[in-house]
Each structure stands twice: as structure tokens, then as C-alpha cells.
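Presented sequentially are two complexes of chain A, the first with chain B as partner and the second with chain C.
What follows is the complex of A and B.
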């Protein structure tokens, strides 16, 4: 299990990194923590001519609190993010997802930004990102772009990133008052990947009416995605048992659910309802 | 831009990479193939065979080493990535007891937390991170902390018992 030959570049500045990409765009893979890329290289499912290690770009390593939320650098590791009290105090969903994300050794190297760019259809962070409405920032020598997360995942392992673009940071907003969140995963017992998982964000006013709802799913389709029908069932409704039941019943509606040996389509559709219901209940349990 | 952009400053041939790092407290400077995995570099080029290759698919943790103080799977790290870092392998872990065992190793021995011993170096490297806390660890915390290390002999219970007991004795019992 030795990767095929590649050239290695470890630029020290973002400009150098973008220059390398501009010159070798279609044959270069960007490596942040390497925890998804290196297994792919070893299996020779990926064989780029150049591996560009961006771990030396110090500017991409921090979590910065901004007036509107948090600016999370592309190189922030899973471990760093889930132990950032300022983030997790506002976003329980980050702590929930981090608890069972891969394992402690992988969490020490793998990155939040790398996980989004990798766009694994069963990745945990993509669902968290969709539930929290993050904005992805990418840059190339051609300029910078901001991409709302709901437009970011385009297909299996494919994100809206051009060959010459680098994901530099992600803006995580601050939650509106009255917001509760949660993430619930049914993990494959061997791989730990989501057979189905849901990230939920509910903003509920003093009268108990849901003003905004996000239900994000992963592990169930060609991309992580939002359960539009479940969100519609929740938004504007007084959140009681009946409203939750309606959201659970329609959570899989309109989604082209993938089946596999572990979970045929019908079973996975069932699991979508299960994780959606559990995540809603877990979030509601956090109301003050 | 010309193709030379991919050539690092550290080596003329971009498929080879010159690295300098600290290994178990001593400086190392050498050249590696860009594609060489850290575990193979350690075992075959530095002759440190205490770091084991178990699954080679980033699951089992038998290859765990510390890079800048954090336990990572050395089968899923390129040797080139540790340039400028401090790497500690199981050979760099020792204590002041009669056999030179570190308290973590001593605790595993005392509680029979190993049988064949193949996973043990990785378990020790993970445990060292896990025990970096002032609070005593619960059984659940230790179990959760060991999810990246697979053991096929012990059923884990004795490993967990050893680490819970050690952490209950306080941080000074772990430090060497």
C-alpha cells in the first residue's frame, strides 16, 4: 500500500500555493491534514502528479471571532475545533459531531476545511456546515469567491472548487437568539461513517413557534443535503410532538436516497426519519 | 508560470524531499521519497521497529507516534510532512523504573493490559495524550479515547482498567 510516485510541494505562502496550482492545476491535489487523501493515494484511487501540502500556510490555521461569528481557517483540525469553547458554547452541533468523528488520532490531523473540500457524501462536517449556513471562502490567482454552503456540494466527492482554487476559510455565523442545534449519527459499526445522520438547527421564539429550521442529512445521497420537506414542516409551526412527527414523516421526501449493502433504499429512508427525529428531540432538549 | 514551480526549495528533484526533524530528542536530516509513509521511514530507514504496521488502512492505530506531541497514525502521514516537527516513537518513551518502563507501560503490565503486544506501542502513544489531564478519567472517557486503537487480544477491559487506575493516581504519576 504505497502511493504511486508524485512530486511534493510545501509552499510557505498562500500566493506560492496559488501559483503552484495555477501552473499545474489539473494534476495537483491539495493536502491539508491528509487523513482522506493519503488513504486514497495508498489505494491508488488517486494518483496526482503533484501533492501540495498546505499545512505550512500559517494564516489558515486560526479560529477568529468576528462580529458576525467565527472565521475558521482551512487548517483548523477537528480536535482544535471541537475543543474551542467559544464555538461549542454557541453551536452544540459542533461538539455532537466531533464526538464520533473518525477517532482521536485522525482528529489530531484531519481538518474542517479539508473535510468540506473532500465532499464525502457521508462526511460529518458537511452536514454540520449545511445546518449552520456557513459560507465557504476560496481563492486563486484569478481572485476570491464566497460560496454559500448549500451550493457547495455538487456531486459524489465533488465540491464547487475549480482546479486552481484553494479553500482558505469558512465563516460560521453566530446563532440567532432562541436557536438550538444537535447532530445525531447512526454510524456503520466498522467504518464509523454515517449510514445516516442528521444535523438540526431550530430557532424558536418565546411563543414556541419555529422561526427558522435547518435539517441537514449525510450518508444518504450522492451529496450531503438539506431535507427541504422536513424544514418546511417545522418552519412556522408551533413545535410540539405533532410537528416533530410531521417532520420525521416527510424528511426523506424528494430525496434521491442511495442504497447499498449496508442499507437498502427503503431502510435508509426509514433511518432518515429516525435520525431526523432524534436530532430534533436532542436539540429541543437544549432549550433553556 | 514554468513547471519548476512544483520544485520545493528543499530538493532539486521534486520526487525526493530533504527533511530535517527531531526524532526521539535527536536531530535527523535526510532525504526521502515524497511518497514514503512515515511508518516505513521510521521502520526501514531509521530502524525503529517498535512502531507497528497493523492494518495499513488508517484504522488500527498500531502505528501511532507523536508528531509535535499529538498521537497520529504514521501509516497516514508522509515522511515529508514531519519536516520541522518533533517526532516521538515508542522507543522514545521510557521511565525511571528498574526496566526503564514508563508509568503507562508499567500500568499496562500490572493490569495485564496486553497479550500479544502488537497493538501496545500504539496504545501507549494514544494513552499518553489521553492522560494529559488533571481530572481522573472515567471508564467511558478512556473507552472513547481508545476508539482509534484496535486490540484483538485483551477485549480492551484490562487496557481500560490500567489507564483509569493510572489517571486516578493523579497527573504526577504519569509524568516522567
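What follows is the complex of A and C.
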């Protein structure tokens, strides 16, 4: 299929981009790598009057090491991020997510920032971002905002982004000592999206007690989200088989799980436990 | 051939038949230089987009096209009411069973009622594709909804909503096959097993969807239709009937085709629409299907619900087979749609010598898109049915499933063998193929390995299927009796040019099979020439004057044979002419490497090219010989061929998720003599991929309102490379006695042997855990849920 007619803008500077948005906020769609937007345009599920291509905004393209971690530009491609040794040395979860993230064509064009802003309820990066406590930076002519990732995803394909705001970069912290991470996904055989996936971060002290736990899920509800009960079961516990089992058993508690033809609710609820358990085990396997 | 015209020693060092000659089509397809229908640009081209029914069953109250006509670029908008009966008639079919009470009229654009989601109701024509796609949203169709029925078995029940009211029921036909008294045999048998199987709707999902480009020339009153089809001549015939232009003023051309698999075998509504619109506008009109339209508008395959019973004695000898099938035809009868369930029934007994069969086949209308041939067309359904049932019998009797099969095989000396449902098998040697497959997989060792794995809590299984099928659509008389309305024969014309190069015109239409290569192999071998001297033409009714097309794995057995026979006529004439020119006796000539020599020790010589020059010059010819070196031959197969084979799968089920991994896959197929082993293996690989797709991933369904549940590859899962096992292929060779090449056909075998092998393997894994049945596709959720239920 062919998209319906739209105007195309390709600003050279962030200021120009923000100005275009300010002028046409409600009818403009931002295109970063286009790997989600173009299929939507093609299927006519989206029909914006203006497509604003931000790929020329060079300032949004780099990964910068900062005292507290990494500043990841919104236009950093999937391929660039999952092959960044400095990032993946500290965050195995990023490398894990790259294993099943779409295909080489999409990885070469699709962007980290675009993926977060698109807020696909089955996207991979949202779960990684939730597990790593990133902070999202957005900007408009009205000013800049910082949004903790746990507040960022608000509904199906909806993030806390105003029509005139651009996601510029993301701050990924450095992991605390004793931290291990992992991502495990069960992919839909057709779309490749997560039927259920879990990103896990565990910070474990020398005595084997879990000081901090994040269990982030994607593909299971209207937004990517954290499995609060599983985190509670892990934090403060000595991490042994029983603790892992407790986390698995309660991982889906309190979550309004979505069902569909491929994965009915009961099955997907069960899979939440499976991916949670597997991600925890994979992370634990990385303890020194 | 008479001895007076045959070369004494038709030997050649160029023996291409049996060699894996690289496919000459590869260059164009791998370099993106193949020309498909969408690559054709014509002056004045306009684009058609079809407004489709959003409801499964409804009366059309009104269609308002005013707003659409006012959209930018729109040239015209048509509904059924805009065309007279003489302009757009109903779409003919190629197969109507004699017991059917006619077929429901199917107009290319719906008239009073829509019968499935996706049925065309109007067509918008615009200067660009985008304008046409935009404008269809401005066509306002007012409907009054009617009750719909989408469930194959439910539609056959009394009281179900009627798809076609004038028929008073949804069952279009009940066809009975078989012989003997099931009831009596079953009553006296030691064992009877019953199983209900669903062979779900699947979709061919070709990479290239359908595209149709019509170019009506007002000045000459002639129409050219370009489209990806398996059969230009049948399209021409049916198009002629539908739009009232005589066949001699229609040219149908099929450029490169990006996959067909049976789904591009027949005339579709859009082919008629673009033709009628082009005639009306005097401009070329193209329609190119979207993927979403492909899922709702292009025919799917299978969709049978089957009740199967076997009766056996205490030794496991199968005494009788009973089957009741409900086959979904869709909302209308598509080209070959009505016949497929019946021919499926004709091979329900499979490879087993079963004396008694009692088969009822109900062809049923539903408010869904039509069903049609899809790779295997009836034989996958049959193989799945009998192979699942035989495994059930093995489980019930406790007899080893391999041994049980051996006890029931039709034996080599019984061929030609007529089964209890009316099909004659040409040849077979099932034990040999079975032994080879078991040997390749290491059956006994693998069984022991799996037994050990089970003690560690792993869920593993091993499954096999032994199948036979029928190809080549032979026995015209028998096929006419069941209403088949195509020819069974095939013709080839070979022209040797004055410079000695060779043109072969064949009536088949390849969609990726590599026929330009394999037909050239046959002809080059017969003529003793270099294969590069042989060009194969197909897919254009102005170039090839008759053909029946590519389907039923018939291209080698029918077109391959007629090409070989035409080549032999060429050799006969060339030899006679060479003898005349060399002033020798025909029997004294030796022909080798394209050169005629008098006597075995090399004497006077003439090249094939020299002979061609003289044939065309026409000056020095033997008494009574006409100039030219051009021959036509027809081959009408006297019977079907019966490929067969054995597929084995080893699987593991993830107890946590229900996901299935195929660890080993072995396919031993016997397609008779092999023309090109690499192309044969390619066909097996593709067929197995589609069979595994049906077994594990694919399925098209409709919700209770008749809305399709998949409209893109985001929902409909065809297996990608990483979702398939490494395929280990092997062959036995049992030549077919029904054609001189001894070939049987191989295009569909992979899709026939695979689904039962995979599902039997999974059932082997889970039956011992208490799961007694699973229906395809074996999705993880389904398997996990069944395991949970069984554990309760």
C-alpha cells in the first residue's frame, strides 16, 4: 500500500525542528529512523499532514560517557547501541535485547529514542529502559523536561510527550557495584515482537542479598511496565532458588494482562513467570 | 518412431538430464532484473483500487460514488450496476462436480449482496495509485447486515444461516467414494479407532501478491492482460467468457511470477474488472493487490474438518476406512475449488492396502473467501488424515508404528494398484523409501536417545509419515466424469532456427520452478546440443498457442514429455535430411555432440547446424520432405503418476512454554527419474517449509462476525529460515511407467509428507503425557494448554 499524501520537513537544527512542531504540533509526526512510522503510514494506520524527519539533527546521534553513566542521543541506531562496548560491558541487558531485536535492516535504521517515543507496548527498548532506570530528556520551544522512565509510558503507543516536544536524549546510569542484568524474550513467530519479555537488573551484595531489583516486562499489557510484586519478592532477599521461585510466582500479580489469538490471557500470564525466571537466571549466571 | 527415421545411434556426450544444471533463471531473480507485472509501464496507464465489503454477509442498499468521483485524480468509479451483462458476466470455474446444483453466480463486483469480507463492491480508477487508494474511502456503501456463518462444520448443520438462499442449505454437494461395507467390517473388527481432525485454512502467501494489468486497444478491439498466473490459456478462455471478447482477440501474458503455489491458478474478479474498465476507458488499467487484500481476496487452501475411523484385525491389518469430510468452499466456487476435496478423498487410503472404504465429502459454503488449490491440493489433507489415523491405531493396538505400516503397505508387485476410493497408483516401493529414511535418521538410536531424555523430564518425540499422492493430471476420461473442465494433455513446439539454435514453446507457466532450465535440459539432451543453444518460451498466448498450465506437479510429466517427443521428431527429420545430404543410409549415421557422421569411424560429416540451414533453405531436400525444422508434439498422460515418500521429524517440546523445536528433519522422496536433482531438492525444501508452516505456525481464521483475524505478516506466521530445521533430503527412484521420461512430479511432495510427520512427532511426545489430540497449527499456547489439561 501507499501512504496518503503528507508534507515532508527535514530541519537541520533542533531549534528549527522545535519551531516546526510549535507551528503544526497536532498534525506533525516526528520520524527518526522511520521503522515504526513508515509501516503505519503504509498501512494508513497513521496519516499525519506533516512528517518531520529529524535524521539530520547531528547532535542527537552520539553516545557520550558522562560521570554518572551514558548520554544516549535519540538518533542512536539499534545497531550502534548494541555494539557499543562501553555500554554493553556494563549493561549486558543491552546486548541481550539486541539478539532478537528485529532484523539487520531495521537495526541499521531504527533508533533507540524513536523506539521509546513510539511506546510500543511490546517494544524491547522500553523494557530495557525500565530495568535500567533511564531518564528521558525532552525539549520544546517552551523548555526542557526530564522524565523518569517509570513515568514515561502512559498508554498503548502513548508516552508522556507533548505534541510540540522532541525526545532528545536519554541518560543511562552506571550500574551500582554487584549489579547483573539480562533480557529474555519470547517472540511472536510472525511479527517478532515480544509475546512476553522481561528485563531484569539485580544488585546483589557480597552476602548474596539483593539490594535492588528491577523486573521490567513488555508485550504483556497496554504499556511496558515493571513487575512490582516480583521486585518486592527479590529486594532484601537472599537470592537462592526459593527467592527466584517466589519472584516467578508473583511476577504477573497486579498486572492487567492482555490476551490475543496467539497468546490468550492465561497463557501470557504464565509466560510472564517464564520470562521473569529465565531473565533472573540469565542475570545470575553473570555474577562474578 | 520407425527405424527408418531414427538415428542409428542417438548418442550424445551431453547428458543434461539428471544433472544439477544451475538454474538459468537465477541470474535475473538474484540481480533484480526479472520483469514482473508491476514493472510494465504503459503509456496512459491508470490505476484501479477496489472498494471491498467490510461485512461478511449483507445486502447492498445503495452505493454512493459521487464524493469519490470528485477526488483529485479520479478518472472513473464503477459499480456492478455500471456494467451490462454483456460487458461483465459471471466468473466461470474449471471444475464443477456433476452432482452440484450449478454454482452460485459470482460477479466480479457484488450486485445485491456481499458474501464475505473483502468482496469487491466498487472500483475507483485514478491517475496515480495513491489517488485511487485515497479515493476508495469516499465511496459510501450502505448495507443491511445478514447473519453470517464462517464455521466449516457448523455451516453444514440444519438451521445454519444460509450463504446462498436459493440453495436452501449450505452443503453444495455430498460426494460419496468407496467400496465395501464399512459397518459390517467394523462390527467384526478387533480394533476400531476414531479421530476428528481439522486441516485448517492456510494461505499460500506468495512474495508477490496478485497484479493485473489490462490494455484494451480501441483501434483493433483487442485486449492484452498481463498478470502473474500459472495458466495463461485458461485465464484467456474464462476471461473471454466473462467479458464477451472472443479468445482470438485476447492475449494473456504472464511475466515473471513471484510465487503462486496454486493461488494463481484461476481467473479472479480483479482480472475481469481491469479488463472491463480498460475497454470502457480505452486506457491501460493496473490493479496491484495489497498484502491485506491478499489475505482476504486471494483464495486460501485446505479448511477441512474430518472424522476418520479405521477398523483393524488383531495383527494390525487395516480392514476398512471410514471418513466424513466437511470441506469449506468459501462463499463461492473458485476455479478448481469444488474438485479438491473429492480428489483428496481418492487418496485417503494412502500407501495402505485397504479393501473397504466409505467416504462422504460435504462441500460447504461459508461467508469466507474462497478455497482453491494450494500446494498439494487435497493430498496434504489426505496424507495428514491417514497418517494421523495410523499412528492412533498404533497407539491403540500397541503395535510399533513402523511395523504397523509395513504390515499394511501396498507391495511393489501390486502396481498398478487401484485403491478402494477409485484412484490408480502407477508404481511404488514404500519399504525401500522407509528403510532409507529410517537409516538416514538413525531411527533406533534416536528412539533410545529420546527414551533417555524423557527420564530427565524432557518432552521429546519422533514421528514419521509415509505418503503417496497423484500428479500429472492424467486419464482425461476419468477426470471428465468428475467434472474437471481443463485439458489433461500438453503440447510443445520446437523450432530449430536457420543458425541451429533451438526455441521450445511450452504450455506451462512457471512461477519459480526453473522450467526454463529443466525443459532445456530435456531438449538439449534429446538433440545432443549444448544447453545454451536451447531457449524455452512460455507464458504468452501469442507465443504459445495452447497449454493447460503449471499445477498438480504436472510440468515435467506433461510438458517435459511433450518437449522430449517434439525433440525426437526434430531428430528424426534432421537425421533423414542429414542422410540425404551425406548421400548415406540413415542407419549408417552416427550422431554425437551435434555432428552427423557416416559410419562409426568418422567419415563425411555434417553438423546439426548445417542440416538446419538446409532445412530452412529448402533447396536440397529428400523426396516429399517439407522445408523447415519445426515440430509439435502432444502428450496426453494415460494416467496419474504417484510420487511417494517418507518424512521423519524429531521434536522437542518446551514444557514451560509449549514451544516446539524440530531437531531433525529427514525427507526421502521418490519422484521417479530426476531431471535436475538440485531443483528437485529445492522443491522439497520449499514444500517442507510450507508443510511445517501449516503444522506449527499458519492458520487463517474468522471471528464469529466473519472478520478475518489476520491481515498481514504481523499476525500470519509463515516460517522464516531461523524457524526451520536443517532439511536432510534423500531419494529413491521408482520410474513412472505412464510417461516416457519416467518422471512423477515433485512440486508438492514436500508439503504433503511434512505436516503429518511433524504432528505425529509432537503427538508421540505428548500422547504419553495424556494429550490425546492436537489440531494444527501447534502453537505454543495450544500445546502448553493441552499439557496443563492433561496433567490435571
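Brief remarks on what is shown
Everything that follows uses one rule, which is that the second predicted complex is superposed on the first by the 288 of 288 C-alpha atoms of A that agree within 3 Å, B and C clash if a C-alpha of one lies under 4 Å from a C-alpha of the other, contacts with A are read in each partner's own complex, and residues count from 1 in each chain.
Here is the rule we go by: a residue touches a chain if its C-beta (ideal position, glycine included) is under 8 Å from a C-beta of that chain, and two chains touch if they have at least 3 such contacts.
No experiment lies behind these values; they were computed from the predicted model shown.
Taking chain B and chain C in turn and counting the residues of chain A each one touches, the greater count comes from B. Of the two partner chains placed around the shared chain by superposition, chain B is the only one that A:23 touches, whereas chain C remains out of contact. In the superposition on chain A, A:4 contacts both chain B and chain C.
Applying the stated contact rule after C-alpha superposition, one finds that A:41 touches chain B and leaves chain C untouched. Chain A residues in contact with chain B (one complex) as well as with chain C (other complex) are 1-5. Chain A contributes residues 1-5, 43-44, 186, 188-191, 261-264, 266-267, 270-271, 274 to its touches with chain C in the complex. Against chain A, in their complex, chain B makes its touches with residues 1-3, 5-8, 10, 14-15, 17, 33-35, 37, 40, 56-58, 61, 64, 67, 70-73, 75-78, 80-81, 83, 126, 129-130, 144-145, 147-149. Those residues of chain A that touch chain B in the shared complex are 1-10, 19-20, 22-24, 28, 34-35, 38-39, 41-42, 50-53, 55, 79, 99, 102-106, 108-109, 192.
Within the complex formed with chain A, the residues of chain C that make contact are 129-130, 133-134, 290-292, 656-659, 697, 701, 709, 712-719, 723, 779-781, 784-785.
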